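Here it is, the structure, as structure tokens.
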Amino acid sequence: MTEFVKAIETKSISLELANKVLDAALVKGKEMGIPFSIAIVDRTGNLKAFAAMDGAPVLSLDIAQNKAFSAAAYNRATHEWYDRLKDDPPLLHGIVHTPRLVIFGGGYPIKLDGELIGGIGVSGGHYTHDMQVCEAGLEVLQEITQG
Amino acid sequence: MTEFVKAIETKSISLELANKVLDAALVKGKEMGIPFSIAIVDRTGNLKAFAAMDGAPVLSLDIAQNKAFSAAAYNRATHEWYDRLKDDPPLLHGIVHTPRLVIFGGGYPIKLDGELIGGIGVSGGHYTHDMQVCEAGLEVLQEITQG
Amino acid sequence: MTEFVKAIETKSISLELANKVLDAALVKGKEMGIPFSIAIVDRTGNLKAFAAMDGAPVLSLDIAQNKAFSAAAYNRATHEWYDRLKDDPPLLHGIVHTPRLVIFGGGYPIKLDGELIGGIGVSGGHYTHDMQVCEAGLEVLQEITQG
Amino acid sequence: MTEFVKAIETKSISLELANKVLDAALVKGKEMGIPFSIAIVDRTGNLKAFAAMDGAPVLSLDIAQNKAFSAAAYNRATHEWYDRLKDDPPLLHGIVHTPRLVIFGGGYPIKLDGELIGGIGVSGGHYTHDMQVCEAGLEVLQEITQG
């Protein structure tokens, strides 16, 4: 007999952890000297913490949030999309039109002990720059897990 | 002969100051024991810094941002709207439908030496609670001006 | 036998006239010392000419355009709506939710020899101020017709 | 000890200058005999001044505004995007879906003494035509700086 599942338990990033990740990303951003927008979302893609560095381009505000949303909402780093799309024309010409879905680098799922708890998204430089800022933020997770 | 005005100079809140205001608001929010969303926008209403306390209602995420936007975009605290609307039926039934305009408490302009530089918006409690959190954040401005 | 109607001829405001109306409205706006946004739309409500005075509130940009749109799209000054709504609860609580419809003052049809050719919308002050700016702009039409 | 940065000072185009740029662009547009839409936005991408020449295609109204927005919001001429995208497939298939981002010619940042103060966007012809109209508008800036 199958059990009646009444509720699903999920974990989502706390504001305290979100701010640690955000702060680590900001340190990297300042070091790189590019004005980035940095967004942390919870497991469901809703905004948890955000900072726009002084001078961040207006367009970066939404792109950062959409990258974080994309990463959490699909549990996939945004730079992993293109390899899966490039030889699949219906997806390449279709799924890229999904509102808020970003398919270039700068968005990563945030995981705790292998479990999705949120997302980080960065915009303001080329996506290779944005990815470095995300990775600096995510180092906080590695320190926590190892600590 | 009048001078040819080429550009308008304006000041907008820095991320450093935005984060100080946000932190002070968060301290008050925790003290009150209600999970608030808190948004700081720049002078033009664009998001600068944001935090959603753990457990903040999903609806509060956008309302906080819209309150901050409303306050900056019209240079008026959101709780000041209703007194101006209540005896002016066309506005009371009309302007309330303006996208992103919030006409209840919880959004304040942020001013430096009397000049608009941004806005703060808080949502999560009754608007009277939201207003207390805003005011705690704005005390940072008074300390800076006096210091 | 009824005639087969192949096409409808309509007149729409020219850019030259739109700019004359806009300029006259701007003169009034400067005289009043309030930073207004002023929009002129064509007969179908599409934007024809626009100016935001220095310091115009961010919210006024869209409201001015929506007032001009409302006036042209319904061939009715926006301040005439409320009297028709106030004793008609389904409309009062219903039609006010129509996107882009503004039901308070500051939007007027632009007519040439009694025929709708466009609309003007102004935002930035109380709607009674906005209406004065519109009326100053519309005086250009009276001069043209009389001249 | 680093100084506490409270506010960022920025310059944004005045209505007076915006109208001079718009007028110069209109002169060029008439000379070319193509009905263009021409938009001037401020530093944050908000509409400052606009004109649609008689007969401008309906689609050009928004495209002109979006080009001006794109140029100001990213501080980059819109025709510079494609060279950066063409060998970067994730961006080529991804960033083009960003709302309001235009990646073909006809949008330019407006700079005063090297500082971003706004944007101009033109639509109505092929983008090579649109670019000529923008450039005619931007000559006003060169005259001012040299004068």
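The chains carry the letters A, B, C and D, assigned in the order they are written, with residues numbered from 1 in each.
Here is the rule we go by: contacts are C-beta pairs under 8 Å (C-beta built on N, C-alpha and C of every residue); 3 or more make two chains touch, one makes a residue touch a chain.
In UniProt terms, the chains line up like this: A, B, C, D = Heme-binding protein.
Just so you know, these numbers come straight off a predicted model, no measurement behind them.
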Q.
I need the common contact partners of chain A and chain D, sorted by label.
A. B
Q: Match interface B-C to one of A-D, C-D or A-B, accepting only the pair for which over half of the contact pairs are the same residue numbers.
A: A-D
Q. At what distance in angstrom does the C-alpha mean of chain B lie from that of chain A?
A. 26
Q | Intercentroid distance (Cα basis), chain C paired with chain A, Å | A | 44
Q: Could you grab the centroid distance between chain B and chain D? Build each centroid from C-alpha atoms only and quote it in angstrom.
A: 30
Q. Can you list the residues of chain B that touch 2 or more other chains?
A. 5, 8, 14, 44, 46
Q: Go through the chains and record each pair that touches.
A: A-B, A-D, B-C, B-D, C-D
**Q.** Residues of chain A touching chain B in the complex
**A.** 14-15, 18-19, 42, 46-54, 58, 61
Q. Where on chain B does chain D make contact in their complex?
A. 4-14, 16-17, 44, 46, 112, 117, 144
Q | Residues of chain C defined as touching chain B within the complex | A | 54-55, 57-59, 62-63, 79, 81-82, 85-86, 92, 96-97, 102-105, 127
Q: Could you please specify the touching residues of chain B with respect to chain C in the complex?
A: 5, 8, 44-45, 70, 72-75, 89-91, 93-95, 97-99, 101
